[in-house]
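Next up, some structures in structure tokens.
What follows is a pair of complexes built around subunit A, which joins subunit B in one and subunit C in the other.
And now, the complex of A and B:
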């Protein structure tokens, strides 16, 4: 489809144009050095050139905390809260985060379809934006270049003086109606290189991980790890959760809440009776990595990691998923070569 | 409710801030009193009771008299709740445990030290069976309400075992380390809704360490972010001196 030229000076007007049609969620500065998606109030607060956000846009479809039902113990009744499609525009999403949503779609359609997630996903339009890889990004290694437009309705390719705005779907074109832009005739600038790489494709990783099941790397990394769970909670393709009932102080009403949880956390693996089914931190570390490159991947043929680098960038202990995987590749090659 | 649970509230070595925090339930205090009958509470009323369904106990045990009193409370109580960092871990009182006890005694009481017998500051659980913990310094109101409603309903409260980091991430907070500060969130028990990091502070570990904490890894992280090994240890000792020595 068509490509238009959006000069930097018109970006705020473009965002305002989107706002006039739908709620717009976009990256904003949060705290000193962090970024987070938030509803746009003032177009000039939106940051389109950012390394990564704390959480991905997953939080809008699978909220960090969500009421699944409310109940009344006196009347013996319960009700599910109404969930509506998110009729919104997600602006400034990086390619890997769009891929992450597509992967979650797969997870939530397969098996028992997840009603709340799938309902919210309806109607969401995505305006992607290119990014310059920092030292943690490695999405290029998992098949997601910075300029990949998969799953987007519009895409902003950074270029001289602004953006090449690519319309990719009728929904995306519809957003542009009433906002005339000149065509973008020039080509796109060459993509900036990644600084982190996994050097082998998923087809080989399948065997590499199987071979590395008993590797020493799990114990070595576990020694550095506090099991804080941050790597799980910032991961855009993690979707594990815990469910908790709570009553209010009247002890007559309450609600059932679902919140994000993660396989690296010891209490996640603690079940009724106090049994902990994955007791060793090394076992949990391995499970986390296998969830990204082995278990789901063996079924789908794709890595379930999108290379955003969040787990590594957010790890206070400096544990790197790329280093773990590359170490396993080297071990595998040393034996099989 | 025909028979309201009979509740007693007790204090040992501590600042009484946890008890005060119970009186601070401005929106819920009347509801709380709907469900229970408070029969013993030195800070707020006169009177003693011989039998209790629930005892909320604040403070660490630090004198021979404390040991005697906590046994008395345990004997007459069905469910004993440790309230706040001092009762659960020994709290900042336990900082005295890392120095020779005679030296501490002399520093505080001088030549009158023989009048004041003292023991290492211990969590309640080091002496009697504790059924439920409400953690924090002061105790986390949010957790108190969860524990309270569970007990009134006759259910076992769930004790959080995840790290404070998980609660920061659920709130999309910027990591405290990103701001160039250090934080004990990675090894500290959740349940406070990451209050301090959310409002610009760092986690000091007041809610105690997570189950099976990797203390060595936490120290390495602190050192990697600029603390000396000694300072890293001190940061961890502030609220967890006992746990670091294996006392719990």
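And now, the complex of A and C:
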């Protein structure tokens, strides 16, 4: 499909054009060096050149808290609240976060397709943007170059003086209607290099992780880990949740709410009676890494980590998923060599 | 990741919406355990297999996975044997016939009874492990001609905690059932056998190739029962076990029940032993 040139000076007008059609969510600066997706109010507040947002756009499809049921305690009845579709454009999404959404699509469609997720997800249009990898990004190692357009309707490739705007789907082209842009004749600049890498592809990681099940690395990392669950919280492909009932102060009604949960928390596997099935922090470290590179990956052939670097960048104990995986690769190679 | 076609929300099911069902009978089995009979609207069939579970809801309290204790051959209602062990079960224990609870399910794999046809069935139940296995026992008894011997090994911590007293007495007398009972610690009045459940296994006279073992009990029990069955030379592929985990959503989404990569609410709670042998978190 077509490629247009969007000069920097026209970006605000382009965002306003998107706003005239749909709700637009885009990265905004929050505090000194943090960024977050938020609904756009003023186009000039949007930041398209940013390292990473605190949370991915997952929060719009799988909200951190959400009501699954409302109930009436007097009548002992319940109802499912209607979920509103998001008629929205997500602007300025990095390629790894788009891939993360595609992975969530798999999780919420496979087996028992979930209405709440699908209702919000359906109709969402995505405008991707290229980025310059910092010291935490490693999406190139999991098959996602910085300029990867998979899953996007439009993509903004940074180039001299602005962006090469690539239209990728009819939905994306539709967004451009009424906003004339010159064609982008020049080629695309090469995607920026990564500074961090997992040494081997997923096909080999399958064996590396199987081999590393009893590695000392789990215990070593667990000694640093405080089981705070931040890595789960910021991960764009974590989707585990807990469900709790909340009762209104009148004790006549309430709601059943789900909220994000994390497998690093000790209570995650606790059953009534007190048994905890992943009692040791090392067990929980391994579970998270295996969730990202083995369990779903063995079925789909793809890593379930998108290389955003959030878990490492925000870890309160300095634990790096890349270091863990590469340590396992080295141990594996040393034994197999 | 390639983009996948999203199915329309209209084509999805009500995954999280319980059906309101009536408690029609409550029996105190032990100080901690009660047996509840539950009737779906219109006496609808739950349509379960032995070994499956339901999510029981009390609004304002929450939801918990509970094994189904009656056989699918029982029509019009089903049974849940519930131990008072947490907030939700504590509240259910206060409920009376006529009151209503929310039910979702049945969920999980359950025992594939068609596979057991013509086989001898060995039931190894520890403590409340008998609750789900009672479904299987009664299924076998109600379809007696389809199965070979029915051998039940039931172990309990003490004789004051024994479950299903009436039925147990029937099984003891029933010539179609070989019933073995032991308690870890008997009260002074106890006249039966004392010892852990594994002590029942060496003495069993089994037609090994034709026997399927169905095991359910507390987490600690499995590896010892497995050892006992293996030293008996029961082939591994004849062993089935039902495992407890925290099945919160029941539909393979919330992640709490995972054993390594396996969702217990989808692939279990009943597993064929060869399928979970390699899962290090299973036992």
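Going forward, the second predicted complex is superposed on the first by the 337 of 337 C-alpha atoms of A that agree within 3 Å, B and C clash if a C-alpha of one lies under 4 Å from a C-alpha of the other, contacts with A are read in each partner's own complex, and residues count from 1 in each chain.
In the analysis below, contacts are C-beta pairs under 8 Å (C-beta built on N, C-alpha and C of every residue); 3 or more make two chains touch, one makes a residue touch a chain.
Treat the numbers as computed from the prediction; the structure is a model and nothing was measured.
Looking at the shared chain after the overlay, A:247 reaches both subunit B and subunit C. Between subunit B and subunit C, C contacts the larger number of subunit A residues.
In the superposition on chain A, A:270 makes contact with both subunit B and subunit C.
When the two complexes are overlaid on their common chain A, residue A:260 makes contact with subunit B while staying clear of subunit C.
In the superposition on chain A, contact of A:99 is made with subunit C only, not with subunit B.
In the superposition on chain A, A:16 contacts neither subunit B nor subunit C.
When both complexes are overlaid on chain A, the residue A:317 reaches subunit B alone and has no touch with subunit C.
Counting contacts as defined above, subunit A residues 244, 247, 251, 261, 268, 270 meet subunit B in one complex and subunit C in the other.
Residues 30-34, 36, 54-55, 59, 64-65, 223-230, 233-234, 244, 246-251, 259-262, 265-268, 270, 281, 314, 316-318 of subunit A are the ones touching subunit B in the complex. Only residues 1-4, 6-9, 11-18, 20, 59-64, 85-86, 88-89, 100, 102, 219, 244-246, 248-249, 251-256, 258-261, 266, 280-281 of subunit C touch subunit A when the two sit together in their complex. On the side of subunit A, the complex with subunit C involves touching residues 68-69, 71-73, 76-78, 80, 83, 85, 99, 102-103, 105-109, 111-115, 118-119, 121-122, 150-151, 213, 239-245, 247, 251, 254, 256, 258, 261, 263, 268-273, 275, 277-278, 283, 287, 290, 294-296, 298-299, 302. Across the complex, subunit B meets subunit A through its residues 28, 31-32, 35, 145-146, 148-149, 152-153, 158, 160-163, 165-166, 169-175, 177-180, 185-187, 210-214, 216-218, 220-221, 224-225.
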